[in-house]
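Before I ask anything, here is the structure I am working with.
In this document, chain identifiers A, B, C and D correspond to the written order of the chains, with residue numbering beginning at 1 in each.
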Amino acid sequence: MDSMIVLTYDPLSIDLCFEHINKKSHGGNCIFIGTVRNPNKGKAIRHLDFESHLPMAHRELENICDQILSNYPGSRIYISHRLGQVEPGQIVVIIGVSGAHRKETFENCSTIIDTLKQTVPIWKKETTTDGEFWVNAFP
Amino acid sequence: MDSMIVLTYDPLSIDLCFEHINKKSHGGNCIFIGTVRNPNKGKAIRHLDFESHLPMAHRELENICDQILSNYPGSRIYISHRLGQVEPGQIVVIIGVSGAHRKETFENCSTIIDTLKQTVPIWKKETTTDGEFWVNAFP
Amino acid sequence: MKVQVVAFGITKDILGSRNVRMDLAGPVTVGEFRLILENRFTGLKQLKSLGIAINDRYTRDSMEINDNDEIVLIPPVSGG
Amino acid sequence: MKVQVVAFGITKDILGSRNVRMDLAGPVTVGEFRLILENRFTGLKQLKSLGIAINDRYTRDSMEINDNDEIVLIPPVSGG
């Protein structure tokens, strides 16, 4: 299986990501790890809450993987995103890509996180010392 | 300490890398992991052997870190490279970069591994089923 | 015609519930449905965008809504 | 004038040893030293490049070598 997608309320694991993407015929593995930043844009973050519409999120993430695997056959991809409440410093998202050439692993890993942020039905609510805010909801 | 450099005969640890670079004020962490590829360019690899001139390698890696930290103050950088004999599938190098913005973590991580391969006094000998070869020695 | 509306993110707060059952009079397109919804829940008008999926597929405004469709509200996403 | 040569990577195989002690007659630049070395160890001529560091600093060919310098041979690097 060349791609693995994990949407979970449990803590994410970088080791599981590397275990999935590491392949003897590949020399390069790029992993992006997004964590809860505090402060964020000047606001003191207490925690974040993530929710997702799981069937559509899975399908959208599979589309992203298929797109990359069709351009870079044999790549391995691991995408995991945390759901529920996440504390400052904890991991929100792990994207891992392995491939024969390191340049493409950087590019594909970067493309996946960019696309995930733009198209995948996952929503983030910030709880700050000033209250609760759904991120990116308003113009 | 914003940068950490580890040149070691022991197995490398992705967890130690993430532990060093993860910082609450940073949201983005990019980690590149290079492993021993087998086969490599059509040759069946038994193992690799790495040696280094440690004082110059450390100084050169510190220069690379200083360069990035002067352009992106507050970034955290972790560079580790394995020495001695390394088997197919095992980790040779781990480069981790964290920063406020994810774009720069990808770019800086990619720059570090490119520069390491070009300038740092580390040498790799391939032991294949055909014999032993110092990589990149001849035109 | 009855439809089930499922609201995520900020739309759940605006509708006051994850699931809202609605009665629609006669055939309605996605575009018309969005207007009906925005009139009933005016907070929706302030969102940066409001995608509508039917039976877990993204839609165009010209698409017809059918009886018993599950309509998912997709406010601006913010994963990662 | 005596210098200590330290050979890494393929240069260790060509010199037959990690450390080689050499006697040089009179003042010698890095460029001249490279020629002396390549004449004694002809395999060095085939390398893609051969950097020379003195006391752990990279050098230019015009630099003078001093008595008791440690001279490090840097064949093409291949880390990562």
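In this text, a contact is a pair of C-beta atoms (placed from the backbone, for glycine too) under 8 Å apart; a residue touches a chain by one contact, two chains touch by 3 or more.
Please read all numbers here as calculations on a predicted model, not as lab measurements.
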item	value
Shortest path length from subunit B to subunit D (each step joins two touching chains)	1
Chain centre separation (subunit A, subunit B; CA means) in Å	23
Intercentroid distance (Cα basis), subunit C paired with subunit B, Å	49
Centre-to-centre distance between subunit D and subunit C (centres being mean Cα positions), rounded to whole Å	74
Where subunit A touches two or more other chains at once, by residue number	34, 113
Multi-partner residues of subunit C (each touching 2 or more other chains)	none
Contacting chain pairs - touch in the sense defined above	A-B, A-C, B-D
Subunit C residues touching subunit A - in the complex, by the definition given at the top	6, 8-10, 13, 46-48, 53, 56, 72, 74-80
Subunit C contact footprint on subunit A (complex, rising order)	34, 50-53, 55-57, 59, 81, 92-93, 113, 116-125, 134-139
Contact footprint of subunit A on subunit B as seen in their complex	14-15, 18, 22, 24-40, 88-89, 100, 102-103, 105-106, 109-110, 113
